[in-house]
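The structure is given below, and queries will be raised subsequently.
The letters A, B, C and D name the chains in turn, as written, and every chain counts its residues from 1.
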Amino acid sequence: MSLSTDIWVWIGAFLTFCIYSFLYKDNPLYKFGEHLYVGVANGWSLAFMYLRVIKPVMVQPFGEACRITAQEGLRAELFNPMAPANFLVIIPGLIGCLYFTRFIPGQAWLVRFPIGIFMGYYTGVAVPAVIEGSMFPQMKGSMVTLAKFDAASGGGFWSGIFAIIVLLGVLATLTYFFFSKEHKGITKVGAQTGIVFVMIAFGASFGFTVMARVSLAIGRMVFLLRDWLGIVS
Amino acid sequence: MREKLPLALLIIMGLFGLAYRFMPHPGAEAFNSYLRDTLLRIISAFALILGLGNLLLRHAHRIQKREQDWVHSWVLILGFGLTAIIGLLGGVAGEGSLPTKVGNFSFNITDIYNGLLIPLGASMFSLLAFYMASAAYRSFRAKTWLAAALLLSAFIVMLGQVPLGYQISPAIPQVTQWIMEVPNTAAKRGIELGITLGVLATFLKILAGIERSWLGSGR
Amino acid sequence: MNWDRFASLDRRYIFLLMALVIIIPILVPMNITMGTMRVTQDLFDTVDAIDRTKQALMISSDYTPQTEAENHPMIIALLRHAFARRIPVLINALYVEGAPLLDQALKQVTAEFNARATSHADSIIYGRDAVYLGWQPPPIVPILSMGQSIRGIYPVDYYGTRTDSLALTQWTHNYDQVGIVVAITSGTSPLWYVMYAQPKYGVKVGGGCTAVNAPDFYPYCETGQLSGIMAGMKGAAEYEALVAEKFDLEDRRKATEAMASQSAAHVLMMVLIVIGNIAFFATRGRKS
Amino acid sequence: MTRTAVVLCLGLLGLLIAGASPGGALMPPAGVIARDTPGDGGGSITVRWQPVVDAASYRIEAAADTAAFAAVGEVGADATEFEHEGVRDGEAHRFRVVAIDAAGNEAVSVPSAPVASRPQWFAIDLIGVAIAIIGLVAVVLWYIRRARRGEHLFIRRIAGLEAVDEAVGRATEMGRPVLYIPGTGYMSDIGTVASMNLLGEIAKKTAEYNTPIVVPVRDPVVYTVAREVVKGAYIAAGRPDAYDTGSVYFVVEQALAYAAAVSGTMVREKPATNFLMGPFHAESLILAETGAATGAIQIAGTDMVTQLPFFVVACDYTLMGEELYAASAYLAREPLMLGALKGQDMGKLVFMVILVLGTILSLLTGRDFTKILSTTGY
């Protein structure tokens, strides 16, 4: 048994206990850990946001442009948004400042501009991404071809049968998600089969995840028993 | 005007976001990378400042009003302040103007990340092992046929994951693999395909101005 | 028996039991026997078949400390396998967070072997038998560049030594001198090698992944794009067992030991589910 | 006996012919054509040629304007195409292809006409994706148009959403707040967008019931949106006075720190109803289990398929995938939104028809109809 002499290990062990105490019930130790976590994580975010975004993407290009202007006068290339030194980086800054207009009575609608930029761009980007990245490969994978039955191309009788079950499962699951049709007759059969597939899938995912989550707990216990207390080698 | 102008901007951004994928031209590429790497990043940095202001004011308010747990609000504010100062002035690995080493004890922002944030995160994350057990105990009950299907497949897969399952029967790991590859794949594909359409419809509803909750009050 | 109490058992008892079944096997280590999955055996066989005079084993890693419990034993097992067969090893890190862990693993296994070595030829010598190339961001760059020149993308190793001065990196020019790249990941990095390096340079790729991600990898094993994988802690334990049996090593097998905790935790959950259902039917039967 | 002799003689004859054929018989590749690689960002020229019998490999050589030819690549015997990358746009190049046989003999083709690369505005290889998007957009817009004309549209019951009123009502009776967790994603996740739309509808209900709503947010950009949404909902419900500026607040960006803080909120403020709506990651079960332990009614919804099992196990109601996107339409009962929903259903029907037809045709004809879903090769 050899206790750790590293201050950070002791801090880590203490914080682990703070968090684990929540399993018993809410208590001042957990509250301490929780508030410290939120505070430190936010401080870290602020520091990294400045060091990795604001400084290199905005402050430095703008500062550099000011320096060049002071030394060599104003030049057209200082207004090229892609240049390493340019004045235009101020525009995103100004748009960002629009967030603060909601404290100005009567001008709060300006907040909609930065929000609109985000909502618009990302909903747009998502469309080809899901079609290309999800719909095409998923549909492609669900269609059954003769190759699935062919041993020469890595298939076989059973893998062909399983491919057909997968296809039926996909169709049934899609049927379950029909909103504008009441689940009656053939739709009902399809939808109920679909939900059985879904439940089996969810159970399997749950069971499959246990190992990964227990691994995390093992990792923590090993930290306490080995790194901190030194009970096990 | 107060609605149409932001909506027009949203539509332009949305259509560009969609069309960009189909435009290999370097011009489109350059504009997109400006948008994504400069414009949106800077705007979201301002959102973070707004958010942090909101958080700190809320806790300052708690301290002022001596609300429940106000002492812990001090922990939060001090933790935030110290970390931010160490990070902003001390640099990523202690190369900044603020000294972040006393004797052998180093406390630059990377140390704080490794020494505080990683143990806190790992501990929170590992609570899942416990919560999985309690959730399974509470919910895996064969109240209906569907619940029984859920329970049974979870049970078999759990068994197939450990050596015990193999010892009971070598077929159990195989059944596990079958469940993962056949019913699991089918259901997930069905859900994913539905999601594809949901994404598309959400895009259209927002662009067409049908879904307008994002516009908020404007006041 | 009063099943009512079980039907609404205070969940803190469950937490306590869970903690105990995890901690006790750590304190009292035991090796449990288990079957070997085919994907693990395939990986072992591919590594075992490397011609050590012509090719090296490359271990690539991008895992973070969060998944150390699952991924770290994989590195250790691979290193033991390579050193036991005297296959030279090249190591690289795709993400900086995991870089110190690789250094630690290399030092640990080197020490294990050198403690038994009786001669210089018998020892594991850094630079001759193993080189830790270090970390070069972003991941895609070394993956592609190593097809041209390993020394080109890693001019110095992790410790700052020039790679053209090390015996091993003098003869391992590119993927042609790599028998297999085994990528140990908390994400999907083996697939990056499959997508970017394999079609162009024809290098064999294997993997080691977390249990959660394993289903994403099986299809690639089926097609042969992946020569095999270690899936989660169980895969690591199987590989440990294969190495220990073949070379008669008696070093600590962390994943195998942890599998005892894993098994106990899984069994506990299954027992809980059974008890929960008995309690449910017992109390329901009485109520109705 | 005689048959064997005949076979032997024929074999020998064959060997003789093969051996006698002179090395110079290796023909140069014919039909060498170079053209700008279509649908790319420029900087690449594709060379094609007709295969040569006996060639073991081909070497491709390029020359800029009048400069001498230099090798730019070598490909195997199966290839009839080579993509030369790293060309400067607008600079004309000529290409020639050298066939090489197993013995190392070479045959040089006639050079191609000079060609220069240039960037294109449309990625032709993604035409399938473009067609799919246009088709699905047309279907959804068609049904929105029908709804605009006032056509009545049926929508089936979604249990989780039927329970919303009851859940908010319960909070009102108990005098406790409603907690709305908008996921741990970014504004770039469509699940977050859907969650914001749903938040608008639920905030309208809490405004009507005069029940406080608490919305802790993980992402600062989402925070700015959520704030506007809730405020707008209170004004739309005619209760601007009831809007509490502190109801939507930013917590922290790190998802696990967020889970720690929200777990604390659940235990301390004991909300009667928890909504967990949006994209979630591993922290989903931490939130859902803590919420379940406090005895709150929990209605969850996510489009993260990996997290659905945990919500199904730990929550009272779960909206699965697409149901989350449909939720705001369901609650608002706005005809145009319902039209879009009907359009989605038709999209699913199209998917099903394609899957079934593709399978039947593939199995009957033996051809691989999954190729229609390739993003390249048109």
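Annotations
The criterion applied here is as follows: a contact is a pair of C-beta atoms (placed from the backbone, for glycine too) under 8 Å apart; a residue touches a chain by one contact, two chains touch by 3 or more.
From a predicted model like this one, the values you see are computed outputs, not experimental measurements.
When the partners of chain C are compared with those of chain D, the chains appearing in both lists are A, B. Innermost chain of the displayed assembly, by C-alpha centre distance to the whole-protein C-alpha centre, is A.
Chain centres here are C-alpha means, and the one lying farthest from chain D is C.
A comparison of the B-C and A-D interfaces places the larger number of contacting C-beta pairs at A-D. Distance between chain centres (mean CA atoms), chain B to chain C: 27 Å. Centroids built from CA atoms put chain D at 15 Å from chain A. Centre-to-centre separation between chain B and chain D, using Cα means, comes to 19 Å.
Taking each chain's centre as the mean of its C-alpha atoms, chain A lies 25 Å from chain C.
Counting partner chains per residue, chain C has residues 11, 15, 18-19, 22, 66, 211-212, 215, 234, 262, 265-266, 269 touching two or more of them. For chain A, the set of residues that touch two or more other chains comprises 19, 22-23, 31, 33-34, 37-38, 41-42, 45, 99, 111-112, 114-115, 118-119, 122-123, 125-128, 131-132, 135, 139, 142, 167, 170-171, 174, 177, 198-199, 201-203, 205-206, 208-211, 214, 216-217, 219. Residue positions of chain D with contacts to 2 or more other chains are 126, 129, 133, 136, 190, 193, 221, 224-225, 227-228, 251-254, 256-257, 260, 268, 293, 306, 308, 310, 312-313, 320-322, 326, 341, 344, 348, 351. Here chain B touches chain D in the complex through residues 18, 21-29, 43-44, 47-48, 50-52, 54-55, 58, 68-69, 117, 120-121, 124-125, 127-128, 131-132, 134-136, 138-140, 150, 188, 191-195, 197-206, 208, 210-211, 213-219, going by the rule given at the top.
Residues 126, 128-129, 132-133, 136, 153-156, 158, 186-190, 193, 221, 224-225, 227-228, 251-254, 256-257, 260-261, 263-264, 267-268, 306, 308-310, 312-313, 320-323, 326, 330, 338, 341-342, 344-345, 348, 351-352, 354-356, 358-359, 362-363, 366, 368-370, 373-375 of chain D are the ones touching chain A in the complex.
Contact residues on chain B toward chain A in their complex (touch as defined above): 2-3, 5-7, 9-22, 30, 34-48, 50, 52, 55, 69, 72-73, 75-88, 91-92, 105, 109, 111-120, 122-130, 132, 136, 145-147, 149-158, 161-162, 176, 178-196, 199-200, 202-203, 206-207, 214-219. If you check the complex, the residues on chain A that touch chain D are 19, 22, 25-26, 30-31, 33-34, 37-38, 41-42, 45, 99, 102, 111-112, 114-115, 118-119, 122-123, 125-128, 131-132, 135-137, 139-140, 142-147, 167, 170-171, 174-175, 177-183, 198-199, 201-203, 205-206, 209.
Only residues 9, 11, 14-15, 17-19, 22, 32-35, 37, 65-66, 211, 215, 218, 234, 259, 262-263, 265-270, 272-273, 275-277, 280-281 of chain C touch chain B when the two sit together in their complex.
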